[in-house]
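So, here's a batch of structures to check.
The following pair of complexes shares a single chain, chain A, combined with chain B in the former and chain C in the latter.
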Partner chain A sequence: MANKVFHVMYDDDQKLMDGARALVAKGIRVKDVFSPFPVHGLDPVIGVKRTRLAIASFMYASTGTALAILGTWYFMIHDWPMNIGGKPSFSWIENAPAFVPIIFEFSVFCGAHGMVLTYLLRNGTLPGMPASNPDPRTTDDKFVMEITTEQNGGMSESDIEALINTTDVYELSIKNY
Partner chain B sequence: MLKEASIRQPLILGHKTYHDITKDICGPIEGPAPREWKIAITIAAIIAIYGLSCIAYLVSTGIGAWGLNKTVGWAWDITNFVWWVGIGHAGTLISAVLLLFRQRWRMAINRSAEAMTIFAVIMAAIFPVFHMGRVWMAYWTLPLPNQFGSLWPNFNSALMWDVFAISTYFSVSLVFWYIGLIPDFATIRDRMVKPGMKRFYSILSFGWSGRAKNWTRFEEVSLVLAGIATPLVFSVHSIVSMDFATSVVPGWHTTIFPPYFVSGAIFSGFAMVLTLLLIMRKTMKLESYIHVKHVEYMNIVIIVTGSIVGVAYLTELFISWYSGVEYEAYAFINRFSGPYSWSYWMMMTCNVISPQLFWFKKIRTNLAATFVLSIVVNIGMWFERFVIIVTSIHRDYVPGAWGEFHPSGIDVGMFIGTIGIFFTLFLLFARYFPVLALNELKTILKMSGESYKKEAEKH
Partner chain C sequence: MTQDKLQFQIPSGVSKWTNIGMGIGLAALIGGWFVDHTEHHQYWWANILINGFFFFAISLGAMFFYALQYATEAAWSAMVKRVFEAMFQFIPVGVGIVLLVVLAGQFHINHLYHWMDPELHDVNSPAYDEIIANKKPYLSAWFFWLRMLAYAGVFIYFSRKFREWSMQEDTEGGTILHYMQYRKSAVFLVFFAVFSSTMSWDVLMSIDTHWYSTMYGWYIFSGMWVTTMIFATLSIVWMKNLGYFQNLNDSHIHDLGKWIFAISMLWSYLWFCQYMLIWYSDIPEEVTYFKERYEHYMGMMWTIFFVNFVVPFYVLLSRDAKRNTKYLTRVGVIIFVSHFFDLYLAVIPGTNHGHETFTYWFEFGLFIGFLGLFVRMFTTALTKANLIPVKHPFLEESEHHSI
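On to the complex of A and B.
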């Protein structure tokens, strides 16, 4: 059976929320939602899990901390110790207070950039990537819900369409894939 | 949908829909450039070119072209550096600290404030980089493996911390700004008709599609970036202040510097944001989004930080007497009565006295008065750095080594030039980039929009 994709457009975030709730309650799986801004409270309704980017950021930042500690030890203590105003050049731990600013900055640097790169890669948003929103109005003031027959195996095309039409739809387009 | 208390003034005036927000902010980008913009950018570009030629002269002659001498080794250049970095801080404060505090009024101003941050930090970096003299060796500040007996940069030095702090700050602010811009570029891309411009914004928007998962990640990334940018912004100006605080020269030996510099930075940054936004809201017709309430909030921040700065000035004076160190005491007596006392009193008037006028509601809600005072604050903050740097080092322990600093034409030209470069970049931003975070504004429209609030009150 050919996969059919329903693009259900709403003209208001509240209508989208109500529509998503009603459809999910009737057992329809919503594949995705395209919206011009984050619609709060929508994620649990359509089953989008919380992102783990914050954890990733913590790990990148910890890597940064470790690298900065290793670096300051290697440059200042191990490889070429220098007597700078009598500061301890023989022991990392005794010289550590002077290294705190750089360790901190480097941790922030790694945490921020690591997370942002992960974010861009996971989103598939990189320079020159093609956009995949089904309608240009979804970045302005319209909200589109994507529903596929493939994901809703138990239901026929006309059943899904009938259910969709019970919500406050602005426009509906059905495409073959 | 969250409801906001009805006594809170609306943040978006008039009857706006989601589409109106898109139209109001993308409209100016799509239309032809207005005459005023062309005139303004021409003037700014001429000044910028003059500044760049001063830099070219400086590099080819050496930093003797500046007015520095053996006694006063840091003066105009580092004053400008600290002034520009300080201005930059308001952008991060608005976008990060106010995000953590869930201040919704930030959304109308954060985009342009962050743009200001980035351009200001670039301007700031010019000064210490060219002060190195042989600027093509600037990469020696990085710990790169080398052939000089493996000579590593000194990680004990506050100047080295500065290299790390400023470059981290710049790059993190840049990505923070860009992450927010991506969805707004997508909005412009989807509206553009001209194929060339569509292609341009399509590249800038990185193929953003606004999927539910993308938005979840977007909000998480913004929150975490705000969370780590907040300590970052405080650390950066603390580290800048340590360039002066960790020395043994009287006046450059003060533990109060980090908090005092940070509040001074926020103070001058907000003043610069006000200067820019008051012009921008008028010329780009953004009065419904940036109105008197926003200006008032920013003026309140100016009173608070300005008063902290005032207290810091007085504390410094008191401590210099209370310490019992005669060199320290003399440094401060010399500040307010020595050859540079005019700059000290300029600083006191502009930073401590005049911002107190904002206690009057009439003044802090008056846009013309705010505009004038915002410029006064920035003049005052420039003099603050000049006072700290020049008056401290022009007379230290040995009177035989006392000297004075007189700026050269190149000193002045470079400073004026950075203002020109800054405004050129800012005008380009205002013309081609979405000047308000339009997709973020849409999230608060139903909470804080005037017509929606009136509607809610009826029920």
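On to the complex of A and C.
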């Protein structure tokens, strides 16, 4: 039996949520959902693991903080000490308040850029990467849920199809893959 | 959805503990007067101002947040709006205490406000102070008192009216009252935007009369707001543990945690901006404020800054911590006390110049007394209305809040 993939389309995020809840309650595993915007509360329903993006971002920002401290020390104190506004002390700590804005900005810069790049890379949506959503309408106003027979070994194709049709489906397409 | 309990019953412990607290406060108030040997009982008056303003600020911050929720049409907080309402029932008392201290200053019973001395404006007097005399147009008695009465009038008026409309909505329903509150909240916010700044100049910044900072109003305002959010969060968690607010979920707690986190960062940002600009430019008329604090209160000043910044930043940064009431309440209590000392440091150096003695029992006793009074008034106000605004148009959305 060839593996089949079901692309279940909904035209409303609430219908998608209700459909996902109903199918998961019947023991179906949802592989993925494609939606034009984040649907709040969907992740735990279809069993998506919590994102670690926040942890990554914290690490990028901490790196930024460390680099900025190192940089301000090297440029302004160690390599070429500067006398700005009568504050010529050759000590990083006594000049620290002046460096806080730089440290802050650089932490935000690193945290934000690192997070965006990581996000695009993990999603496979960096510029030039091929699109992976099954239907271009999911970038407009439709929601597609992807279910495969491979992940639902205990059920036959027709069983799954019957269960899907109990939900408020807008369009259903079944493909080999 | 399970039906939430509408009638709040004050747990028996609260009456007992607030009585004990108020008793301690009264004892500290009387004992403090006799122990305080500063001139004009300056330290005693300063502590009353600190406590009065601190708790008044919590209630005013609650009314600000309440109005903000209406003006921005925020729905998630509809369920807990009675908590904020009960908090701002303290406003008349808070205004009264602050006015009492200022009035005593005007009649020279205390000398917290240096500029109230008429000698300073008199060119022929040996005490003539040119900088203060130049501030005469703003800091003259009639204009000062006009402002004071305007604050009192506007704040008390809105605290009464918001409560009245809210209670009326419970019986009438519909959206007419809701949209009226929406419009009136916007009006109040305009008043609040101006008055929260000028009030902090008048009541707190004018203590250090020679000094001024354009950041000051924001800095006091953010401190006020964060203590409000902490008090609200602590009481909501407490009430949920008592069995009220059964429909309140993790998402509400998360939102409250976000407010505590965000406003703590706002406070730290403003505190540091004010400090850094003054430190950097290093000009005599600006550094007086920090020079005073550096001389006698250096350790306290930096401890307060780091506690109020580092503790909420590192503990509440993660999503899980904001949803965990254990972390939230502990961090809340720490920075609540720390913000009290922030206000302490705004008042004491300019009024006592390091001549006072920190006795612990007086300062903490008075704080406990005022806290007892505030909690008593808060819980009493809670019993006087339905805990859930049953006919609030956003209530349904609030109950399904999910982020």
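Some observations on this one:
One rule holds for everything that comes next: the second predicted complex is superposed on the first by the 169 of 177 C-alpha atoms of A that agree within 3 Å, B and C clash if a C-alpha of one lies under 4 Å from a C-alpha of the other, contacts with A are read in each partner's own complex, and residues count from 1 in each chain.
Convention: contacts are C-beta pairs under 8 Å (C-beta built on N, C-alpha and C of every residue); 3 or more make two chains touch, one makes a residue touch a chain.
Predicted model, so just to flag it, every value in this text is computed and none were measured.
In the superposition on chain A, contact of A:Q14 is made with chain B only, not with chain C. Residue contacts after overlaying the shared chain place A:A54 against chain B and chain C alike. Judged by the number of chain A residues each one touches, B leads among chain B and chain C. After overlaying the two complexes on the shared chain, residue contacts for A:G86 are found with chain C alone; chain B is out of touch. In the overlay built on the shared chain, the residue A:A98 is in contact with chain B and with chain C.
Comparing the two interfaces of chain A, the one with chain B and the one with chain C have residues 40, 54, 85, 98, 101 in common. Interface residues of chain A facing chain B in the complex, by the touch rule stated above, are 13-14, 32-40, 42-43, 46, 48, 50-51, 53-54, 57, 61, 71-72, 75-76, 79-80, 82, 84-85, 87, 95, 98-99, 101-102, 104-106, 108-109, 111-113, 115-116, 119-120, 122-133, 136-141.
By the touch criterion stated above, chain C contacts chain A in their complex at residues 272, 275-276, 279-282, 317-319, 402-403. Considering their complex, residues 40-41, 54, 58, 85-86, 97-98, 100-101 of chain A touch chain C. Taken in their complex, chain B has these residues touching chain A: 1-2, 17-19, 22, 143, 149-157, 160-161, 164-165, 168, 171-172, 175-176, 179, 182-183, 186-187, 189-191, 202-221, 223-225, 228-229, 231-232, 235, 239, 242, 439-440, 442-443, 446.
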